[in-house]
Amino acid sequence: MTQTARFDGRTPDQLREVRITRDWLDHAEGSVLVEFGRTRVLCAASLSEGVPRWMKGQGRGWVTGEYAMLPRATHTRSSRESVKGRVGGRTHEISRLIGRSLRAAVDMDKLGENTLQIDCDVLQADGGTRTAAITGAYVALADAIDTGRRRGWIPAAVDPIVDSIAAVSVGIVNGAPVLDLPYEEDVEADTDMNVVMTGSGAFVEVQGTAEATPFDRSELGRLLDLAQVGCASLTELQRAALAEPRRSGS
Amino acid sequence: MTQTARFDGRTPDQLREVRITRDWLDHAEGSVLVEFGRTRVLCAASLSEGVPRWMKGQGRGWVTGEYAMLPRATHTRSSRESVKGRVGGRTHEISRLIGRSLRAAVDMDKLGENTLQIDCDVLQADGGTRTAAITGAYVALADAIDTGRRRGWIPAAVDPIVDSIAAVSVGIVNGAPVLDLPYEEDVEADTDMNVVMTGSGAFVEVQGTAEATPFDRSELGRLLDLAQVGCASLTELQRAALAEPRRSGS
Amino acid sequence: MTQTARFDGRTPDQLREVRITRDWLDHAEGSVLVEFGRTRVLCAASLSEGVPRWMKGQGRGWVTGEYAMLPRATHTRSSRESVKGRVGGRTHEISRLIGRSLRAAVDMDKLGENTLQIDCDVLQADGGTRTAAITGAYVALADAIDTGRRRGWIPAAVDPIVDSIAAVSVGIVNGAPVLDLPYEEDVEADTDMNVVMTGSGAFVEVQGTAEATPFDRSELGRLLDLAQVGCASLTELQRAALAEPRRSGS
Amino acid sequence: MTQTARFDGRTPDQLREVRITRDWLDHAEGSVLVEFGRTRVLCAASLSEGVPRWMKGQGRGWVTGEYAMLPRATHTRSSRESVKGRVGGRTHEISRLIGRSLRAAVDMDKLGENTLQIDCDVLQADGGTRTAAITGAYVALADAIDTGRRRGWIPAAVDPIVDSIAAVSVGIVNGAPVLDLPYEEDVEADTDMNVVMTGSGAFVEVQGTAEATPFDRSELGRLLDLAQVGCASLTELQRAALAEPRRSGS
Amino acid sequence: MTQTARFDGRTPDQLREVRITRDWLDHAEGSVLVEFGRTRVLCAASLSEGVPRWMKGQGRGWVTGEYAMLPRATHTRSSRESVKGRVGGRTHEISRLIGRSLRAAVDMDKLGENTLQIDCDVLQADGGTRTAAITGAYVALADAIDTGRRRGWIPAAVDPIVDSIAAVSVGIVNGAPVLDLPYEEDVEADTDMNVVMTGSGAFVEVQGTAEATPFDRSELGRLLDLAQVGCASLTELQRAALAEPRRSGS
Amino acid sequence: MTQTARFDGRTPDQLREVRITRDWLDHAEGSVLVEFGRTRVLCAASLSEGVPRWMKGQGRGWVTGEYAMLPRATHTRSSRESVKGRVGGRTHEISRLIGRSLRAAVDMDKLGENTLQIDCDVLQADGGTRTAAITGAYVALADAIDTGRRRGWIPAAVDPIVDSIAAVSVGIVNGAPVLDLPYEEDVEADTDMNVVMTGSGAFVEVQGTAEATPFDRSELGRLLDLAQVGCASLTELQRAALAEPRRSGS
């Protein structure tokens, strides 16, 4: 791997500037505006009593996710899925990924019969929206659980969180593995991988796709190395953000 | 009308704090984050070549609007219209109002065969979302036209804007007419009216609804008085915002 | 305002010929075929036990409306919304207006946990379909309540009707305010206003739209004057129609 | 077959009172309000230039049908298919039957590249709505073709009609074959058959369904006998209606 | 009727080769792969406890059907109805026919509050898919009831089957009535008829359609003669198939 | 890893019995019935002229996939997506995976402006349906291209296939990595991974999901080892199948 400069001057294993703004909304139990460079995702975690019908009476909770993009999040406007009357395949796929990933953060027995609904709405897209969404959503989820414990919806003595969750994209661009791809690199990538990890360093989801050229085992290894570095940094940023006191009134 | 204090301390003819942040998005030709107190709407104006099929070949442009609310804009989460597979009546109605209102700002012949698509997405709702959306959307539209003229999509010598557009809600709460109702007043209102006006003080749209008690001609007059005061102030705020230089890079 | 003749010979403040045929249907609790000139709307009021889920147990009733147009009501055939699989924005908007307007006629506590469903189907359209629909629907609603009281669904001693409701369109055509616009005038109008009033002369809904040129306060005043004249006449016609005995068998 | 009296006093082979009102609509090229007793169907025939894409360039025309029922056509209100967002199976089935049946009336080569769209909207239902619709639609279609020839859309010298079309329902009720079943008999029928015939006495469509008990060849024969009698009478009524001059202005 | 040879060498009253493979699926209570020549339909009968809401508490069962075609069952691929988001009219019509036909096989009181859901999926289409579906579905249904009785869902002493059901298509091709039309004959047919009969020789459904030329009573008679011959043969094949022991494990 | 026996007696790295039946359909350009144990998927490859609109004029081809499951493929019946009116998230996700995977097999420039539509319909599901679908679809695709070259749609001298594609599922069940999981193992798996590889041994897609417990790098490695073994065997089976002459008539 030659250390060729990236178009935005970052080193291959460097994240974009990541910002996590907690309690960006007034009504949600937890909410985060997360930014990875110009990618900007509003994550709202809604905690409500009850679970879907098929889960009732088991004493266990549920975590589910929905992802969407505002029409002008992208360079050219795309039409609204509500107006088209159907959710597209990409939206479906990412919503499912967000739900699965965040479920790994929570002990459903400790959550009790409550539902955490995670809404990730992309306000501006510049690559890596799904991994930014997961990373921000974890912080919103942690705050929503905090709200629930303070309000007595979840016993204050019980902490349903088992681990933190962060996610990052990695890819092979011009033959070189790089971390956290913005749009310009994303369209050039030979291989694109999204990795979701726990704060303690285990994998929750690994999704690698050969966009142009199939990849081999050693390339896969180098991409996982990068992802581990990136997720560790994001975990640190999440911890720092959550160490701050919440906005008064939350 | 007794001059009873409003729950947030405002006088009857006082607007909430209004903030207009231009170029909140990097890709849109024009964009504004508009805030009326806790109501927060992201307005994106997309300028693109061409017009809908039924308008082709007439040399005239088109302005259209879409309104939507994020699921957790409200106190309790509401479900996504994309997931339900249909746009609700309220959404439809407000989208049509936004389109009609903004069309009054533009000379379609001067716009040429270009389309201005206005997207108003409510990030947080606290009453008056449709009027905040229109007020913000005008500024986004003005910036999008500015972008179009600077890029040569519209001849620089031609200014398609005929007037500015602002909108405000008024209503009768506990028997007294008040300006710019937040959610708490909105649910209490006997009569609710949304008024859209031009910068030069003419009416574009007047929509008054008796929520509880039918209203008489004199009440209608007092509501229109208030709306005229409110729209005049909003027009000033729009002018001040547009007098600032645009963010570099826009 | 010069008193220019209208293309159909009416004076500016003259209604078209209005006909109200009660009990046009055999099954509905109340039904009216209402005609404003060539505009022809079939209004059916269905009274049924129970209310929507979100209203249960409050002892109050509900009134709701749906509006639709037959495909060949218009000069050229339009496609069916059932076949398109979605209700259009205009349909949604008018359905909501009909529901809101008719709710002003009824004391929901006195109605008890019953629902009045108002269906307004435009058989032929020649301008003013929504206001004709509301005017006819009130008579159908009154008959449905009469049926309900005669059948004992509502106690005979209780009259849930608080006032009658009529509606009319007004507009500025060629600079002059006119009452009750047919299609030919509607497409020419600078300003178009729909006004819904109670029988006792208060406003329930005022919806004014500048189609071409924004309007000022004095034009608004003259339009409201005309609308008050028109609604008063329609109220008389409703009273006269309801004073007739019902068709035997109803 | 015992000649048991029918509940409405008709003999087994007697039609209900049939009324055919031509040009019930002002805009449609042909329109008929057809009544079979209390069953009331508005049939509009729209003639327009052009054919569906898959037929273009063959010099042939097309005839298609759509059937729908107003929500309060029936004893209890049914919900709108436009609001449900999908057309039900029964509606689909009858729409297809109407299209097929009417196509048998027309020489597509002589029609030229024009489309006849037949809309049959049931205003009130009391059994036999599909057969009443077909019977009325033929008259509307004949008038629409007359309009087309008078307006020069179809050469006046060319008559695309090859035969008339009428339809009637027959069934076995309490063991006895009867003609033209109203709702009360329809729900009691063991076998239900809809028969579409040409004016010259040939079959276009025969649809027999054993609702309760399978039927044998001789019962089938007696039902066809009755249907032939009924269709012959309806053909006479159609001829008489079409022999009248059209309403002035059509 | 001249005994002209058919393109595949069959006599006019000869079926294609019919094959009935029972228990083609491992999970379904009853399943059949039925082949009429190259037409190949997979019929699954699912027996489950409970009935639709509108039937609850009556102690009676329900039989319902759904028909669909795989996209590449036909010569050229057709698009999926799931992707289009709506079921087409033809699909609706045939699903309803299958349900009605199979209900004639079952005594609903003896079935108890159980539902038999019949799924007929056309894997390959070569004419006569709906009649093949019904013929195969009866065998699947019989096996599903057998499963239910062996598992105790239906008392072993009770046999809800009242008769067998078979179906076949007949038509007039080049002026001659023929039995069991493959695609090549189907597109050429002047008249097309689908006939559903009980094993004891009564009619359940007769659907005849004049595709090109209306037909007369004597042609109808000859088509019914052929259909009776065909259904009798199919009834024999069903009996023979059901006389075999079921696949072990079913 | 203790070499505990699997419930069906296989060793951890042993595939189920795999059967590939080519030309199972008569009309499709290529078709395969693929079986992995009781999982049975019908793969049809349709080759047609032309490409989607957004690709026109580039001289390149397109490969796309759709996946669906028959309602009774599973232990209990699931409802049809066509009837529900929307495609579910899982279906969307797998359809996209199939399309992406098969595109890796084809040189789009050599394919020319032709489209290969891959339909994978699960007739019976017993785990691993998506990987069985991809494995079978490759063989169908190869046959469709063969058909295209024999018919001259693609120049006979040009072979658009760049490599073969096979896919398999692997997972950690009771702590031990195993290959090719049937339903019983799938529901027990801690980690579930689907791997798509080229015949020459490179990765096209790696999708690993921690169902219960997050996994570490070494577990990931052992799963990839197993997947490489499985895909190599499947590649052999594909080669052997394609080495047979095609069914006459194809």
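We just call them A, B, C, D, E and F in the order they show up, numbering each chain from 1.
Just so we're on the same page, a contact is a pair of C-beta atoms (placed from the backbone, for glycine too) under 8 Å apart; a residue touches a chain by one contact, two chains touch by 3 or more.
Keep in mind the model is a prediction, meaning the values are calculated, not measured.
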Separation of chain F from chain B in steps, with touching chains one step apart: 2
Chain pair among B-C, A-F or C-D whose interface repeats that of A-B, sharing over half of the contact pairs by residue number: C-D
Interchain centroid distance [CA atoms averaged], chain D/chain E, Å: 29
Centroid distance [mean C-alpha coordinates] between chain D and chain A, Å: 59
Gap in Å, rounded to a whole number, between the CA centres of chain F and chain D: 51
Two or more partner chains touched - positions in chain D: 85-87
Circular arrangement of chains, read from chain A onward through chain B: A, B, C, D, E, F
Chain F partner contacts - residues on chain A that touch it in the complex: 86-90, 92-93, 95-96, 100, 104, 163, 193, 197-198, 201-210, 213-217, 220, 224
Residues on chain A engaged by chain B in the complex (per definition of touch): 25-28, 31, 38, 42, 44, 46, 48, 66, 68, 70-77, 80-87, 91, 117, 119, 121, 123-124, 126
